[in-house]
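Here chain A shows up in two complexes: once beside chain B, once beside chain C.
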Partner chain A sequence: MMSGFCVGLQFENSCEIGVFSKLTNAYCLVAIGGSENFYSIFESELADVIPVVKTSIGGTRIIGRLCAGNKNGLLLPHTTTDQELQHLRNSLPDQVVVQRVDERLSALGNCIACNDHVALTHTDLDRETEELIADVLGVEVFRQTIAGNILVGSFCAFSNRGGLVHPHTSIEDLDELSTLLQVPLVAGTVNRGSEVIAAGMTVNDWTAFCGSDTTATELSVIESVFKLREAQPSAIVDEMRKSLIDSYV
Partner chain B sequence: FAPYIQVEYIAVMPRKPTRRGLLQNPPPSTFSRFARSQALIASAYRSKRKINKSKFYKKSRSNFSGNGFENHASDENSEQAESSDEDFDGVVQADFAFFDPKPSDFHGVKILLQTYLDEKQWDVSGFADLILGQTTVGTVIKVEDDEDDGVYSVVTALNLGRYKARNNFCTISLTVAAATLLPITCCNGVDHKCIAEIKEFLRKSCKEEDTMNNLRSYLGEQAQDVGLLISQRVVNLPPQLLPPMYDALFDEVSWATEDEPTEELRNSFCFKYYLLISRIYKHKTADQQKRQKSDEAIVYVKPEDEIFHKVPVCCFYRPLTELSHSSASDSFNLHLSSAPGPSVSICALSNLYLMRQEMLKDYRLMGLVMAVEASKVSAFRGQLKSLIDEPS
Partner chain C sequence: MAMAEEAGMFVVHQTIGTVLCCKCGIPMQPSAANMCVNCLRSEVDITQGLRKQVIIVHCPECDSYLMPPKTWIKCRLESNELLTFCWNKVKNTDFKKNKIRGVHAEFIWTEPHSKRIKVRFTIQKEVLANAIFEQKYIVEYVQHEGMCDSCSRVQANPDQWVAVVQLRQHVSHRRTFFYLEQIILKHDAAARAITVKQMSEGIDFFFANRSHAIKFVEFVGKVAPVKSRHDKQLVSHDLKSNNYNYKYTFSVEICQICREDLICLPLKVAASLGNLGPLVICTKVTNTIALMDPLTLRHCFLDAERYWRTPFQPLLTCRQLVQYYVIDVKIVSSEVNVGGSSYTAADVEVARLADLGTVLYAKTHLGHLLKPGDYALGYDLYGANTNDAELGKYRGLNLPEAILIKKSYEETRQKKRGKPRPWKLKSLNMELDEPKSRVEQEKVNSDYEQFLKDLEENPDLRFKISLYHNREYQPSEMGTVTDGEDVPSVPLEELLADLDLSDKEVEDYCMEE
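Let's turn to the complex of A and B:
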C-alpha cells in the first residue's frame, strides 16, 4: 500500500478533522455522524493495515480531543460511557490497552500529545495520570508548554518520524522539544493559518489526513517533516507485529 | 472608514473570590478560542468536584449570564468559571466595532457560515473568500481590542450573477488563488462553485410550484439583479447592533452604485431584489385552527426577518433535514446544528439550549427563504429601529 496523504477532508463543513478522528500506528478512531464520505476516506486509506473504528466518547463526536493514544494503548476520559468503553475494547486489537482515566482535565487529546515513545503533557496533570500514561502508553512523559500554551495536545502533532508545532514556537523551544522527542520538528500551521495543529490534522508514521483548507505550502511542509513520501506502511506494521510475537516467546 | 459603536451592555459575570497563585514566569498566553472551548467543556463536567489548587490562571473570557446574553470583557483578571449554574454578580462592558471584511477574518466568517445551507456539505471556504473579497460592501463585527480577533457577525450582499468560475487545474491551486484573493470575476458563464451549490440547494428545497417559477428566474435570468443578503451572527449578539449594521450595509450598497471603479461593478450593486436564507421556529400546529391564541405562529430567530417576512415578493419554508445528532446529550458539541448559529461559549450554550428547548417545545425549527424588493429597504430600516427600540 502506498503511503499517503489525504487532503480535502471535511467533517460536516468543518476542516478540523483532528477533532473528529484519532489516528495511531495500530488503529484509527472516527466519530459517528458526519457523512459516510468522511469514514470511507479513512477506510480506503487504512482498512488493509489497521482497524478503523467508529465511536463516540461521552456521547460526543469530538473524540480526537478527548482521547489520547498510541500503538500500545488508548486513554479515555472519565466521561466515557461503559458501552463506549466496551465497544472500543472489542474493536481494537488485543495488544492495545484501553483505559478510562479519572482525571479532572478530561479533554485528554488537548492535554496529551504522544507518539509510541514519548509523551508531552499539560503542566497540571495529576501525578496518577502521569503514571498511567507511562504505564498504558509505554512512553516517557514530559510536562511541557508549547509557545506558552499549556494545551500541548492541541498545538502540536507528532509521529515517530517528525512533528509539527505551533507557529510561534521559538527556535530554542523547538530545539529543546526536538531533543526531548528525538524527532525533527518544524513550526507551522494547518488549514490556512490555523495554529491549532492537532485539531486540523491527524497523522501516523505513514499517512496524514488534513482539512480541506490546508494550502499547498502547508501540505508540502507536512509531507516533508513527517517524511510521508518514503514511508512503507506494511513494513512498519510488520515490524510491530514481529516485536509482539517476540514478546510472547 | 468603519462606524464605531459602543455598546455598554449590562450583563452578569461570574466572579470567583478564590485567587490562585501567579506563576513566577509570565503566565501562559491565552490559548485559542477552540482550545478554550474544549477546556470549558471539560470544566463543565467537573462542576461537582472541588477544584484542585493549581498554579496557573486561565483567562476565562466567556461567561454566562442569567438573561441569556453574554459578553466578553475587554480586560480581565477573572478566574476560571467553575460551573454555569452559580449565582453571578458583576458588570461586563463590551465595545463592538464594525470593520470592513479582511482576508484575516476567514476563519471567523467561515464558522458563522457553517450552517448556512443546513446539513449540506459545500464549498464554505470558497463562499467565505467571496465575501471577504468584496471589501466595499459588507461589514464584520468584532470586539474592540479582542486578542482572539473573533468575528461575531458578518453581513453582506453578494450579486448572484456576478461570480463565475475560474478555469483551474486543481483544487489546491484554487485554494492558493483564493488565499491571495485574486478577483474571481471572469465571464465564462459558469457559476462559481459555491454560488452554483447555493442555487442548487434552493432549487431542491423549494416544494411549491408557483414559488418555484419565481425562484428559477431569480436564480437564472434575473440573477444580475438579485443580491444574496447574508447576515450571520452569534446567537446572542446584542440586538442594538442590528439597526446600525443594516444601515451600514444598505448605505454601502448605494455608495457602491456610485463609487465603484467600473460600470460593470456599479451596475452589479443596483439590486432589484434581495434573497435571504434564514431560519425560524414554526409552531407545530400553526396550520391548524386550534392553536392557542397566546402562542405566536412563528418565532423569528433573527428579529429583522419578521419585518422582511411581512413584504416578501416570494417566500417558502424548507424543512430542515432530521439532524442525527440533535439529542440533548450532544449539547456539548462544538457544532449544535439545531441551534440557529454558533455561540461563543459552549459551556453556557448548554443552559441556553435547555432554556430554549423549554420555551420552544411546541415549535419546529424550519428554514425560510425570502425574496424582498430592494425598494422596500428604506421602510425596513425605520421599522427595524422601532422594533429593536421598543421595550419588549
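Let's turn to the complex of A and C:
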C-alpha cells in the first residue's frame, strides 16, 4: 500500500476538506455529503487499514471542526445526539474511547489540536475538559496560542511526524511550539494561501488529504514536513499491533 | 502585543519567519495574501474594468478643457490644473465604481502636437480579503478640438458686447477722466473690457459679461462719488429652452464737484453740515467729497449717498481760476491739520495779475505756502458775476473779494517749458471720437497739461496712480538755475520702471543704468 497523498479533493465544491472530515491513525470520520465522491476517495485510500465512518455530529456536517481525537480516543461536543454517539461507538474499534464532553466551547476541533502524544488547546478551556483530554486521549495538554490566535485547532495541523502552522507565526513561537510538541514544525499555507491550515487539510502519520486549491509549492511543503514520502502505513499499523501484543504479555 | 508592551510587561522579541510563496515557491515574508508580489500581480489585475483611454474636449482659442456639462477650465499642458482635471475625470466614474483608491498621479511626456495626454496613476485596491494591492497604470487622454461657447461667440461677432458701462460727468473739463484713467490702469479694472470708447463728457466701457460690468461699476463707485442705474434690452430669446439674451446698460454719473471747485452750499446742506460757511472749497474727491471753508478752516466730508440726495453744483470751477500776485501775507493762526493736509489761516493782500492796480484783501488758508511776491491762483469773486440761485437765498452774506486756491508756479515753469518730464503715464487704449474742432482739441490738451502739473504739485494725488520712468528723458547738460524755489517735480523714488520684455529695450535700459 503506497503512502497516500491525495490532492484535489472537494466536498460539494468547497476545498475546505478539513471541515468535513477527521483523520487519525486509527480511524477516519467523514461527513455525509450530497454525492458519494468524497467518501469514496477516503475509502479507496484507507479502507484496508483503518475504518472510514460516515457520520454527522449534532445533525451538522462540519464534523472535522466539532470533534477532536487521536488513536486513543475521540471527544465529541455536548451537541452530539445519542444516536450519533452510539453509532460512533459501534463503528469505531474498541480501543478508541468515545466520550461526550460538556464544554462551553463546543467546536472542539477548533479548540484542540492533538497527535498521539501532545495536545494544544484553546486558552479558555475548562479545567475539567483539560483533565478529560489528558485522560481520554492520553496526551499531555498545553494551553497555547498560534500567531496570536487562540483557535489553535484551526490554525495548525500536526501528526506524530511533523506539523504545519499559521504562516504568520514568528520564529520564536515556532521554536517554542516545536519543543513542546517534539516534532518539526513549519509555517505555511494551504489551499492557495489560506491561513486556516486545519480547515484546508487533514493528516495522519502516513497520509494527507488537501483541498483542490492547494498549489504545488504548498504540496511540497506539506510533503516534506509530514515526511509522507517514506511513510508506509503497514509499518505503522504493525508497530501499533506490536505494542498491543506487548501489553498482553 | 502592543498593549502588553505599553503595560510594561516583558514581551519576547518576535522575528518574522519566512514562508514559501504558495504559487512560485520562493521564500518570502508572510503577507495577507501569502503569495509573493509577482505572483499576486500576475494573479490579480486591479486595473481590470478601468478605462485606459478617455476623450477630453479642448478649445484651441483659449486653451481650455471642457468639464461637462458646461464648465471650461483653462490649463496649460503639464500643469497642476490639468493634472487635477484628468484626475477628476477618472475618479468620479472609474475609481468610485470599482472601489479603488487613487494614490498618486504624474504626467508622462507626450509630443505637444500629438493631442494625447498620458498620465500614470498609482491606485490601491483591497484584494483577497484585507490585502491592499498597489498598482500603476497609464491612462491616455485623447484630445478632441472644439470651440468653447465664449470663443465661438467672440468669433461670430468680435465687437459683440453684452454690457456697457457709461461713465459721465457733466462738467466742462476732462480732469476727472484723466485721473480715473490712471486709477483704472493701476488696478487693471478695465482688463475685461472689450472696447473703451471716449464720448463727450464721458467714457463708455463695453464688456462681454454682465458680471464684469457690475464689478467695474462697483470699482468706480469706490473711487468716485457716483450714482448709477441700470437697464436691459432684449436681444433674442429661445422659446423652447427659455433662454433670453439681453444687452445690459449701466449709466454711471459722477458728481459734478471736482477738486479746487468753489461751491456755495444750499441752505439745507449747510445746515446739516453744521452751518458750514456757505462758500466752501472742495479739497479732495474720492468716494467722499471733502469740503473746506477757507475762511474758518473747518472741513467736512460728504459721502456719495448724501450728496446725491441733495445734489448741488459748483459756483466756480477751475476754468474760472484767475492769477493773483501776492503783495503781503499776515499769518493769523498756527498751522492746522485739516483732514490730512496742513493749512494756515492768513490775511493776504493780493492783486489780480490782469489788474495790478486794484488791491484786494482776502482771508486764505494757504498761509503756509504764500510769501509776498508769490503768484497764486484763485477765484475772483470781486469781479465775478455769479448767477447762483443758492447764493441769492443767503441773506446778509458778505462775499469775500477773492478766494485763493493754490500757489501758482507758472512763472518758474516758463523756464522749463518744452522740456520733457522725467516721468510719463500710461494710457488706456481708447477709441476716440471724431476729431473735434481745433479749439476743443486745444482745450483737451491744456486740460491734460494741467493734470500733469497737478500730479507734480500734489503728492497725495500721485499716491494712487503709477508713474513710469520716461526713457526719452535726458537730464539737461546745463545745470538748472535754481531760483531759491524749485518747480515741484516728482522725486525719482516714486517712479516705477516700466517692465519691457523686448531685448533691445533691455539693453538700452542696462546701458542707462
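Throughout what follows, the second predicted complex is superposed on the first by the 246 of 249 C-alpha atoms of A that agree within 3 Å, B and C clash if a C-alpha of one lies under 4 Å from a C-alpha of the other, contacts with A are read in each partner's own complex, and residues count from 1 in each chain.
Following the convention adopted for this analysis, a residue touches a chain if its C-beta (ideal position, glycine included) is under 8 Å from a C-beta of that chain, and two chains touch if they have at least 3 such contacts.
Note that the structure is predicted; figures quoted are calculated from it, not measured.
Enquirer: Which term applies to chain B and chain C once both are placed on chain A by superposition, clash or fit?
Expert: Superposition result for chain B and chain C: clash.
Enquirer: State whether A:Ala199 touches chain B only (first), chain C only (second), both chains, or neither.
Expert: Touch partner of A:Ala199: chain B, not chain C.
Enquirer: Given the touch rule stated above, what does A:Ser35 touch, chain B (first), chain C (second), both, or neither?
Expert: In the superposed model, A:Ser35 contacts chain B only, not chain C.
Enquirer: Which holds for A:Pro93: it touches chain B only (first), chain C only (second), both, or neither?
Expert: neither
Enquirer: Counting residues of chain A in contact, which comes out ahead: chain B or chain C?
Expert: Of chain B and chain C, more residues of chain A lie in contact with B.
Enquirer: Contacts for A:Leu174 in the overlay, against chain B (first) and chain C (second): which applies, first, second, both or neither?
Expert: The second partner, chain C, only.
Enquirer: Once the shared chain is lined up, is A:Ser220 touching chain B (first), chain C (second), both, or neither of them?
Expert: second
Enquirer: Let me test your reading of the model: by the given contact rule, A:Ala187 touches which partner, first (chain B), second (chain C), both or neither?
Expert: second
Enquirer: Pick out the shared contact residues on chain A: the ones touching chain B in one complex and chain C in the other.
Expert: Overlap of chain B and chain C footprints on chain A: residues 148, 192-195, 215-217.
Enquirer: Where on chain C is chain A touching in the complex?
Expert: So the residues of chain C in touch with chain A come to 1, 12-17, 19-25, 30, 33-35, 128.
Enquirer: Any idea which chain A residues touch chain C in the complex?
Expert: 148, 167-174, 187-189, 192-195, 215-218, 220-221
Enquirer: Within the complex, which stretch of chain A touches chain B?
Expert: 7-8, 10, 12-16, 19, 33, 35, 37, 58-62, 65, 77-79, 104-107, 110, 123-124, 145, 147-151, 154-155, 192-196, 199, 212-217, 219
Enquirer: What residues on chain B touch chain A, complex-wise?
Expert: 26, 28-29, 31-32, 34-35, 38-39, 41-42, 45-46, 49, 51-52, 54-56, 106-107, 110, 114, 119, 121-122, 124-125, 171-173, 175-176, 179, 324-325, 327, 329-330, 332-335, 337
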